[in-house]
Amino acid sequence: ETTKIDFWFGNTGDIAKRVQEQCDRFNKSQSDYEVVCTSQGSYDASLQNTIAAFRAGKQPTIAQVSDAGTLDIMLSGAFYPANKLMADMGYNVDWNDYFSGIKSYYATSKGDMYSFPFNSSTPLLYWNKDAFAKIGKDHAPATWEEAAEDFKALKAAGYACPLGFNISRDEIWQYGEQFMAVHGEPIATKRNGYEGLDAELVFNKGLWVKYIKDLKGWYDNGEAVLKSKETGQTFVEAFAAGDCQVILTSVGDHGNIGRTAKPGMNWGVAMLPVYAGTERKHSFVGGASLWVLSGKSDAEYKGAAAFFNFIAKPEEALEWSTVTGYIPVRNSGYDYLVKEGFYEKAPYAGRELAIKSLTASPADDAKSYPGIRLGGLLQIRQEMANGLQAIFINNADVQTSLDEAAARGNQILRRFEQTYKGKQLP
Amino acid sequence: MVERTPVFDAICQAILFLGLLIALVPFAIVIIAATHDIRTVNTVPMPLVPGRDLFANLAEAWQRADLGVKLFNSVLFATAVACGKVILSAMAAFSIVYFRFPGRSALFWAIFVTLMLPLEVRIVPTYAVAANALAPFQAILDTTGITWLVQRVSGIEVKLEWGLLNSYPGLILPLVATATGTFLYRQFYLTIPDELAEAAKMDGSGPVRFFVDMLLPLSRPNMIALFTIMFVWSWNQYLWPLLVTTDPKFGIAVTELRALIPSEFGLPDWNVAMAGTLIIMLPPLIVVILMQRWFVRGLISTEK
Amino acid sequence: MEKRATFSSTTIGLLFVAPMLLLIFVFFYWPSGQALYWAFTLEQPWGGGNQWVGFQNFQQLLADPVYWNSVVRSLVFALASTVIAMGLALVLALFTDRELRFHRAYRSVLVWPYAIAAPALGLAFRFILAPEAGLLSVINHLSPGLWNPALDGTDAMIAIVIAFSWKYIGYNFIFFLSALASIPRSLTEAAAMDGAGPARRILDIQLPLLTPTLFFLLVINITESFQDSFGIVDIMTQGGPARATELMVYKIYFDGFKGLDYSGAAAQSIILMLLVILLTVVQFRFIERRVHYK
Amino acid sequence: MASIVIRGVRKSYQKNAVVHGVDLDIASGEFIVILGPSGCGKSTLLRMVAGLEEISQGEIVIDGNVVNRLEPRERGCAMVFQNYALYPHMTVAENIGYALKVAGVPKAERAARVAATAKIVNLEAFLDRRPAALSGGQRQRVAMARAIVREPKVFLFDEPLSNLDAKLRVAMRAEIRRLHRRLGATSIFVTHDQVEAMTLGDRLVVMNAGRIEQVGSPSEVYRRPASRFVASFVGSPAMNLMEGRIDRQGAFVYDAQRSIPVPFALERRLVGHDVTLGIRAEAARLVAPETPGALPATVDFVEELGAGRVVHTDLDGLSFAVAVSEPVALEPGTAVGIAVDPADIHLFDARSGIRLEGDMSPAQASASQN
Amino acid sequence: MASIVIRGVRKSYQKNAVVHGVDLDIASGEFIVILGPSGCGKSTLLRMVAGLEEISQGEIVIDGNVVNRLEPRERGCAMVFQNYALYPHMTVAENIGYALKVAGVPKAERAARVAATAKIVNLEAFLDRRPAALSGGQRQRVAMARAIVREPKVFLFDEPLSNLDAKLRVAMRAEIRRLHRRLGATSIFVTHDQVEAMTLGDRLVVMNAGRIEQVGSPSEVYRRPASRFVASFVGSPAMNLMEGRIDRQGAFVYDAQRSIPVPFALERRLVGHDVTLGIRAEAARLVAPETPGALPATVDFVEELGAGRVVHTDLDGLSFAVAVSEPVALEPGTAVGIAVDPADIHLFDARSGIRLEGDMSPAQASASQN
């Protein structure tokens, strides 16, 4: 008799197909459990549906929750903590095998991992080697100062779009959060919220302000160009088409750019630049993790544990990284990939930089931030995006706009705090 | 009628043709996108000369989204919602227009207000109701103390339960519960000449017969319009079906289409997604074409 | 608008509405009631509990000038898209109804826009409206920078109005067509005898006799432009650039559905609902008077 | 089969009163014809009987039961609507058979009855058509058939033959009479047609402006019109009416010099009163201008009616019609004499319009009018 | 003001042919009345003239221009629709004034003309009402006014008076005549009313089943009906028709034993032919049963018409109507004699129905029918 367990996820397109394949592999690998994997159309819909189902007592056993929803579920008590589940079901997991930047993002401030990182990514800088060759360079900029020179040179060499970027809500991740992460800058007080719901946003007070001013300068000079769906071409498409020479985006795009890039184009990736004199810290993980929901039967939990155990296998990590742009989440998986020569092969070479970025500083480094633990993170990103749009589109003053974004963001945080009055962060 | 208005006709034709073009351009783009390979579909601007991968893309979309079963479910679901709306709205409007009981207009407004709050806003509690459609009644019994009373008197615990998740009623009923149709029928009924109702009454027909024998056939153009719109509308619903049907057995085509749309860092295979769109758009288009053939002019007094 | 010929049996009358009432009670009023209750609380999304805050949610909203801007924007959007969608659909329907050559083709195809699924609509309009490479980019060849919905708030608003109207033209078209089909031909003939040409007949005979449908569509279009627009905003502009297309319902959708701020979304829903109800009541009070039912 | 009593029935639309209190007793099986000018409330009255119009005041009793609050279908009446009110989406056969279908008559019987009725109204060839493809008269016949087929206890006809040609109308009239004989259904028949009114009804009801002016057998109404209105309304050409006064000699003076002797005027004590004198066109004869006692007139024009003709004359400025059965050749302007048999003279009170007869004094006449 | 020529006009609806080739010349300013049984194609013909119906074949010429392809508004006709076709959303005044508004007549003038027209049709009190609040006859008057107000060059009336009472109808008839005199507009008037047909028209057109049977002045049509159909259709009560054969003596034999002498039958060489004999009710006289030469009959019933009466008799199984002007007291069953003046006899060919007159042989008659 097989036990069925539901697994709801948000990915779509070919990723959804890959998830499905993984589920099939698991189902084939044993006969005790059958995991039914359903794409819910988007991260938001997936979370929303899971919540609705949970409130009605019809929740799936496993749900994928994106980084932005982490705090809500952590405070909900609606889940079966991952570490406890695995221990209860008799699996011995080495939690320290996870990369520091990943583990800290999903762990409590005490270091307990409540969910399983699933599809993980981090941003990289993509650069067009052909264009850089034209300005006599054979490496990507490591600092923003160097990047500024390169942009200028590229512009002078006749390139219309040295840096392609965008400032929508979805791009705050690489242009905001990750910038602050690698610079060891706080986004909010209380260690980015890890130490209390009363955290306050401070992104308007640090290095990010300078970065935005620089970006605006490049933009005004035509060295940085807005590329988005609305203009007809996203910056990723623009890079793949050879129209933009540098972009910042997730390692997840590595595969796509490989497949859609202009034939013959030489390009590479590098870690995000930092300002000169800054000590590089680890970047944050992006993507989503898998949560086990409370209120299910033991048999289902056993199935869930078996599933997690299955996808944690190094072979699965290899397969997953091969068919998607996502990265392995554990050292053991990474080592297996290295051993298999994964990172030497043409389409995959360079992705190891993502791991480097995620592990640039140790997890216990007091000067780096473990991640972001803020309520209403999506809305805060929207406020930041609105601030940036005011700056770039309406030519509003940088400091004023960022201050306002922070103030509005703080209101969101206060509402959140009030909502969970009396609750403690685990 | 003899009409000879070449200039006006030409203007009409020109505008209609323009309208036709404007209506078709987005479809053309979808079709062309579905013929390209992944690289071409992602070049900017996308070439307007069709590529050669249409069938490959269609096959890929069909297979990936398991469209055979899903299309069938979709047809069933959309037809049921559309029929449900067409019939229930006709009935409700009949009551509102043709009867004279107190509170009639309050009822109309009560139904009407359902237009004002989209499903997305109330989806969480709606799901809870779908999980047990009798929950509201249970709650009423609980708060009024009837549950307690029955329990005391008979020892039976009143527990009403009717779960609609993963069922056709669950898919269909909540989507039927809106006012568009009722309002449309109200507008139409108000234009029906009183003489017809009077003649029917003289012929001995009561309200039910009048409704079935007169109103329904007379509302045919409206009914067809409403059916068409509602079919298409339900066909394109995805949030609710997605939520109530976790069992792939009940899945519908559009949710599968959503799953075909490339994710953020997934492969941008818009060609496959658009091929899927193409397949999935076909049934509603067929419905539109079929329905227009049923449009019959002037049932109401084409007099001479 | 009272019927002369009515039926007296209240029981049968109630039986006829009963199914609809039951459905809307269970699937609309009950859940909506719950959702609206959240407007006076701060609700934890996972159902862990809530805090009663009275009118705090409303106060915060109403004190926020950004929110008021979105109210104004929503009104502008509703007005513009209703006028365009209804106006064009009406013209097309009136012309199609003349049954010139190809009218069957027009009758089918002009409804299609409503049949397109949202993602396809998004993709198609991205292709059409993109300032650099889209079909509308010709505008920029004529006068550079004239059309840029990515950077110009007004252009972005125009873009979503176009997309929304485009979809609703199909919707309005089919209802106009069905209403035109039930105008007695003899009246058109009488007007023709009275010397009225086709255009004149449209104005004097068909339009007045269409008023019940015009009214229906007016109410529905305005309501829908408040309710149904978030999908298009989400796909096309996400409320940008710089909030230029942040409509009330989009913010509700975003805060509630994506941001899990159920209470904030509920409070906004109430305000939106009141606004739409107010508009609707105004229409019933002042516009329905001009509707000719018989 | 059913008696109908109408008691003090009034009807107002908002502020407009259109029926001002009608009382009428219709015996079971009687055939009543209502005649009256356009807009006088005939249809309204009929519709109140049918149950289609709320009765503002008064009551209607059918077969002993007050039906004010009964639904139309509970009253057992069939009605032919003035504007047909055909079901546009049904064929002629379906239109006719609808009432039977509602009544649950089996299909075969229904078809037979529909066919039989269609034959009566000459519509056999059109049973499969929709009303839109019928001529005006054909539609009216469908409306007629729809009522006939039901064989109800009460028939209400609202100008059911107005769109039919003379020949068909005669045939239909005969058919209605036959039907009435066969079914004996109490019938109320509204018409504008004088011939219909005279030939069909057991009793004729003449209405005017929401009131009944006279009820009586057709010949009674024709011969002894109760009021000036009835006199002028019933009969074609209309009765010649002249305003004047009765002089001491009992003669009617309508002009400084001219008078018509009215033998009974004296015995009715009408001397000195203002009256209207009426003479039907067919009661007057054309005589030679110099005939003693004849009124001198000149010919205005002659209206040729085929079967007869009406000579319109000018009687000292008044127009006066004389019906003549033999062909005449009278040029306009010819001088003629008009002879009137005093027995054919009608007198009406000039103020109230009421008929002056027997011993009734004008004062009484005026009083009874109110 | 405009002549109308209708040449070989045919009309079919899908497979149904309803007008089979009509030829008619209407002089400018003429007043033509069309009479014909229900469904014979009168409205269709009128609508083709108006431009509301495509002409399947043939052509219509107004004022020398072929108008087949002209729009209604380019033909300059005004029309009263049989079913009124009032604009439900306009008041009576707006309905009447609509054509003027379209024509751009200034508001003040429009109001004046509408008021004047409303007065003609007796609708002054209803100008602000919507059609739904009017009685049947009032609606018809609005339809009438709508045409009148335009003072067009061609008037098309489709049974414009059918819902009016006799009195109003007489008045309206006079009004139409006056209007015609004043405007001189060419008019085509469809009616069912014999009196209207006889009194209004310069010429009468009798149609049957989509064909014209006779065109002529009213009295000509009445006195010398061109066919059995016309004979039976025109005149009320309808002409008595009997089937029979002319014997050697030139007498009409309708029964083994009985015959009616037809003096001219011999001179017309009709001996041995099957014919239909027609006698108008008013051409026959009731005489004592034993009167020599009289046809023996028994009384069926007497129809009282007020101004006259019709005695329906049974003539050896045939029903035969006799019009009588004086009151008679005849019980059903009474034996009477019917006397006929041979000059009043009409003969029609039994096969073709065509009138037999002058020297025409039946063979010729049949031939000319096709």
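Which chain is which? They are A, B, C, D and E, in the order written, and residues in each are numbered from 1.
We adopt the following convention: a residue touches a chain if its C-beta (ideal position, glycine included) is under 8 Å from a C-beta of that chain, and two chains touch if they have at least 3 such contacts.
Quantities reported herein were computed from a predicted structural model and do not represent experimental measurements.
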Contacts common to chain B and chain E (chain labels) = C, D
Could you run down the chains that neighbour chain A and chain B together?
-> C
A student comparing A-C to B-D should find more C-beta pairs in contact for A-C
Gap in Å, rounded to a whole number, between the CA centres of chain C and chain A | 37
With chain centres taken as the means of their Cα atoms, state the distance from chain B to chain D in Å.
-> 58
Compute the distance, rounded to whole Å, between the mean C-alpha positions of chain B and chain C.
-> 16
State, to the nearest whole Å, the distance from the C-alpha centre of chain C to the C-alpha centre of chain E.
-> 58
Considering chain B alone, which of its residues make contact with at least two other chains?
-> 1, 3, 5, 44-45, 123-124, 128, 130, 193, 198, 201, 206, 258, 261, 273, 298-304
Contacts with 2+ other chains: residues of chain C | 5, 7-8, 127, 130, 132-134, 184, 186, 189, 192, 197, 257, 294
Where does chain E touch two or more other chains at once, residue-wise?
-> 43, 51-52, 71-72, 81-83, 85
List of chain E residues in touch with chain D within their complex | 13, 35-39, 42-44, 82-83, 133-138, 140-141, 158-159, 162-170, 192-195, 198-199, 218-219, 222, 232-238, 280-282, 303-308, 323, 325
Partner chain C, residues of chain E touching it in the complex = 50-52, 71-73, 77-79, 81, 83, 85-90, 98-99, 102-103, 130, 132, 146, 150
Write out the stretch or stretches of chain A touching chain B in their complex.
-> 6, 8, 10-17, 36, 38-42, 45, 48-49, 51-53, 55-58, 60, 121, 170, 232-233, 237-238, 240-241, 243, 250, 252-253, 255-256, 259-260, 324-326
Given the complex with chain E, which residues does chain B contribute to the contact?
-> 1-5, 303-304
Contacts from chain B onto chain A in the complex sit at residues 38-39, 42-45, 64, 123-124, 127-128, 130-132, 165, 238-239, 242-243, 246, 248, 255, 258-269, 273
